[in-house]
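Next, two complexes with chain A in common: one pairs it with chain B, the other with chain C.
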Partner chain A sequence: MSLFAAAFGFGLVSMSVIALAAVGFTMQFGITNMINLAYGEVMISSAYVAYYINRAGISIWIGMLAGAAFGAVFSFLLNRIVYAPFQRKGTSLLGMVIVSLAVSLMIANLLLPIVSYNSVSYHQSSGGLLRVGGIILTANQIVIIGVAVVVMLGIHGLLTYTRLGKAMRATAANPTLARNCGIPTKRVVDAVWLITGGLCGLAGVVAALNSDSFAIASGAGFLITALAAAVLGGAGQPYGAMIGAVIIGMVTELSAASFSPEYKDVVAFGILVLVMVLRPQGLLAKRGALAAAG
Partner chain B sequence: MNTYYAANLLVYAGVDIIACLALNLQFGVSGIVNFSFIVFQAAGAYAAAVLSMPPHTASGYEFQLYVGGFQLPFPLPWIGGALAGGLLSIPVGLVVLRKLRSDYQAIALLVTSIIANTVITNARPFLNGAAGLALVPQPLQDQIDPGTDWYQYFYIGLTAVCVVLVWFVASRIVNSPFGRSLRAMRDHELAASALGKNPVALKMTIFIVGGVIAGLSGAILVGFIMLWAPSVWLFPETIILFAAVIVGGRGNNMGAVLGALLVPVGFEEVTRLLPSEFNMLGFAITPPVGLIPALQWVAIGLLIIGFLWFRPEGVRPEPRHVFDGAPVVPDAPEVELVRTA
Partner chain C sequence: MSTIQARNDLGRAAFSTLAILVLAACGGGSSSSGGGLGSGDLLVGVIAPFTGADAGLGPAYYSACLAAAPSINSNGGVGGRQVKCQQFDTRGEPADAVPAANQMVASHSNLMAAVGCTSDEAATVAPIIDRAHIPMFCMTGQTEFNKTPLKYFHRLVPADIFDAYAMVGSALYGPGHAPYKRAALVFGNDIGSQAFVEPATNAFTKLGGTIAINQPINLTASSFRTEVAAMLQTHPDVIFTEALGAAGTYLGEVKTLNGGKMIPFIGTSATIDPTWFQQVKGAIGVDDLVNNYAGVDLGYSFSGPAYTEFLTNLNAASSQFADAPKYKQRGSTLHLYDGIIMTALAMTAANSSDPKVYNAKIKEIANGVSGAQVVNTYKDGVAALKAGKSIRFVGAGGENNFDQYNNSVSGYIMVKYDAQGNEVKVAQLTPDQTKKISDAGGL
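Now for the complex of A and B:
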């Protein structure tokens, strides 16, 4: 029983990490129509930025902010330099998927000579332990959960109450109409890449902090869990991604406790397949995956 | 240039040509972005391996754990490999190709590729896990000694026969009414279904055909290199083949062959020719281990992005299929379509 209580605690942390990653991923798709397969590699790059800052003797929490800033700038530039020009050219959605996969490959292999294959980990004591019932959490894990909760509330506030958030939703619903109504969609899209890039960077550092060690190869796993949560919730739906993260985070940790932790990604994948067979549009989206590709 | 080197080069070229022809049928002709192509090649290779290997309890093979071990004579493992590729295509195709939007299909297949590799790596008793299968018997090694030059020529010949066969099948498909339906579906799925074409059936068919050919390519490769492990079929391997088809020319079989020769074969050869030590201003500089392969991948990425930007139709563009009796439109003015999104 205590094993499952502990797994529940890990599930809480894991869902926080996945939520940060999945919300950014799904917003990129929902608002800019871009399935950014380089997302996992941007996450891992940001994790390494935090690693080098941390190694210089600076607190990992500063490193986390730096990772988020790096992710924001990197994603923004990625869009400005590669994605946006291709989209302006009228490249199909499929073409964009191939472009982003090529970008992902390039980031991973430009990073490789710098960081090498070896696994690394942050220098950060895991802090004191907190026990509630059978759940044991370290101080770091509590901070991770706190960060995720604050960010999710922030995203909710942004999308619901601010002009920028409303402009984002308008752009997601119909970019042409939004532009004709006087919304500067180009600036909105820039803002989206900065914000989602920041989420991506943050998620990368947090994911790296949450695992004992990380390596360049972790990027693909990061991408798969974010994808699974985003698709489960309905691609393009930030709230869906949050729900997806809760389900994927819990299910993967509980399954890791019941049989083998090596198959965490496989369980996430199993959920993904089930969703694609049974409800391809995801939990929240009305059209989503079923709509014809534009 | 010794025989072994020539055989290595030619067999790899043949395998890449076969794989690119299959991928061209799926991606170039039918518009299915099969990011898990390499999984079907791997399925063929594993199947061919366990069909030709003795049981894992046989002497000399105890260090491995795998299912099967049937010791079948030569053509059967290759046929089995092709069948395995085709059989695996059925469930994957049924999940991915029926309901999903095309970009979702692409990511679903990509994730499938990554996960399949994870599963095989971790599930050791099935196909010996991360270490993979080794000492796979070579075709007809009891009749012809694999150590001889003769055997190398023989293997090149076998590969060439398969290349010709696959080329024949691929060009028949492209030029047939079925091929026209595939292209119609790729260019305008809604219009094709309005004309009574069943897009799911078309996609499933070509997905399975591609899977069979991919399986065959894997069987040929494993018979030559005699080992197969998860590290040789990581998902970026599929991207190389995509780069080849995009560079060569999507939808054009000739382009697929050209792409196979330029990208996978070309890159392998060029990197082999690079010195392991550069002499710069009198200083000997040794690049760190892993730098060259990493840069090779970066170059593949650049190649894809560069071609998609500057020449999306590739070196050998798909021929426009115009039929006798089609109305001749003299210099129709290019109409600039206004994009709405």
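Now for the complex of A and C:
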């Protein structure tokens, strides 16, 4: 088999996982102006929700839905109880980053006695191998790619064709003007936290399923990759995050095939640094938050 | 945030945050001086990773302390002083370990010993602990400690070089298979795991083997599919590995990409661990784990009065730490248990809580002097000392023989797991085989 063809196939899986996480993260930022560093911990919490459901003998695909629902509710409550009060008091962007970092640490440490430090795995057969022209994918990985494609199309449809999506874009562009135009921005923000939280939870379960084995420490890794893709694409840009996910997912796998695997993250983050030097606003940011949606 | 400029600023802020996160991810005093054992509680600092990729290590060491403390406390303590245990999390990163070590020695004047200090952080924390004159028992196999000038450093496990040689021995002379000739080296890219690579390569290649591929892997990565595909292309007939935290993911992908068939894999002594067992079992299934795994370990008997007391206390420690009983066959748990008991006995023998005084006694009690009475428990040791006798402590982990650098070395056995995760001895390297490997490896 060609290693590069195989790596390309694996890159498709990686970019799907990253895209699910990055799009939710960047929409959260783009619309609510919140760099939520607890995102990775919400992802791993959702992965554990799916794990416990799966351990009870229920299909992981049901667990995935439960994880998404948990992520949605958890994120919604996180905003309502923690973030929104700080934002109402006028806490600066950097201050909110610190608040979210504190929330991240709190979640991790509250989760530790519940789930312990042990790595766990879902009870789910990988479903056999599909080999096409050197690309090797399992049935689960094909489902992951399919889920990502459906979700990305769904996000596009939401932002382009629905009233809620248009309200989200208006809120992202200028919340005061949107409010004055009669858009219920508070409810829009609630909806954003529910939707992006759902994406976060879904991404957590998908990432854990993709990983064969995961532990509480995995949350930090999930966040860094999602954040990197979001920043690369342009902060607050869902379509940019998709492009960022494609670049980071592909580059990490192809560089692992080309160089020593220990350098794969170095190469991916090197590209990120290079892009940020040449184009600090990210790949798609010039059109404004969520503007690419139409 | 409606202008492009504002968006750029936010982008920069996000990028700065990312940079901080990436960097973060990479990312004393004794009690009293002079004679007398003093008063108040004594503390054993468990300085080890409790979070991060190597988070499975700290609990094994903490369990050792939880088992040792009641052995001492229920037998009068150290001159009446009760022993307590406290965790100091290094996150497995030297940068996090330094403040943890500084905090430990600066904030606790009642520190009697420090245990843990794995290869992840030993190079940075051992000098700090040594400067504070605190005896330490480190679970590092790094070569730099083979002839360490640190007087308070103690090591109850052999250097990694011996672990690596034992793995080579298992590949070449292990039972139930023809000698393996092509090995893939799959070790974490952390300091501790990489220490095995060079000695294993030297010994294996000089004895006729070939290194099919050497893969240092990022322990925090969420998948290794491309790495596994590259490894499979080299067609190894065995994998040498220590990739704590990532083993389940890597080996699970080996099974998937190899059409459901595992390649035999040989782990270091650190893979004799309940956390590792659970992780790999979850990823490849218990049958494939039992049938394809071989490990190397120091030759423990898991019996005798010292082990019995250790096991009793370890089980009782479940009220404080539910996972403690899992470590009943974890070599490092046994050794650190012994180290703490030896330190308490040394304090009693020296009648001093000043480590400058009792540190030297630790070696004396471990190795024994001529005519020393062998004791297996703290209670018996204190009784013998009170009777004016010299003692040699042979603990749950067996005999210790410290050299001039406080390194204690003993022989290896080849092991596997049973379906419940218990260690099962399958063979022992003969002296002749050991010599061949050592000569080839350049000991």
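FYI, the second predicted complex is superposed on the first by the 275 of 294 C-alpha atoms of A that agree within 3 Å, B and C clash if a C-alpha of one lies under 4 Å from a C-alpha of the other, contacts with A are read in each partner's own complex, and residues count from 1 in each chain.
In this section, a contact is a pair of C-beta atoms (placed from the backbone, for glycine too) under 8 Å apart; a residue touches a chain by one contact, two chains touch by 3 or more.
All values reported here derive from a predicted model rather than from experimental measurement.
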Regarding the shared-chain residue A:Pro280, is it in contact with chain B (first), chain C (second), both, or neither? both
If you stack the two complexes on chain A, which partner ends up touching A:Gly95: first (chain B), second (chain C), both, or neither? first
Name the contact category of A:Thr138: first (chain B only), second (chain C only), both, or neither. second
Under the stated touch criterion, which partner chain does A:Ala207 make contact with: chain B (first), chain C (second), both, or neither? second
Touch test for A:Gly157: chain B only (first), chain C only (second), both, or neither? neither
Superposed model, chain A: greater residue contact from chain B or chain C: C
May I ask you to decide whether A:Pro184 touches chain B, chain C, both, or neither, giving the answer as first, second, both or neither? neither
Now for A:Gly146: first (chain B), second (chain C), both, or neither, which partner does it touch? neither
Partner chain in contact with A:Val82 - chain B first, chain C second, else both or neither: first
So which positions on chain A get touched by both chain B and chain C? 33, 35, 37, 93-94, 97, 108, 112, 116-117, 220, 224, 227-228, 231, 235, 260, 262, 265, 269, 272, 276, 280, 289
Inside the complex, what are the residues of chain B that reach chain A? 31, 33, 35, 95-96, 99-104, 106-108, 110-112, 114-115, 118-119, 122, 189-190, 235-236, 239, 242-243, 246, 288, 290-291, 294-295, 297-298, 300-302, 304-305, 308-309, 312, 339-341
Which residues, counting only chain C, touch chain A once they are in their complex? 1-2, 4, 7-8, 10-15, 17-18, 21-22, 25, 50-53, 55-56, 59, 189, 215-218, 220-227, 229-230, 233, 245, 247-249, 252-253, 256-257, 259, 275, 278-279, 282-283, 323
Chain A residues touching chain C in their complex are 1, 3, 6-7, 10, 13-14, 17, 29, 33, 35, 37, 93-94, 97, 108, 112, 116-121, 126, 129, 136, 138, 173-174, 207, 210-218, 220-225, 227-228, 230-231, 234-236, 253-254, 256-257, 260-262, 264-265, 269, 272, 276, 280-282, 285-286, 288-289
Complex interface listing, chain A residues touching chain B: 33, 35, 37, 82, 85-86, 89-91, 93-99, 101-103, 105-106, 108-110, 112-113, 116-117, 175-176, 220, 224, 227-228, 231, 235, 260, 262-263, 265-266, 269, 272-273, 276-277, 280, 289-294
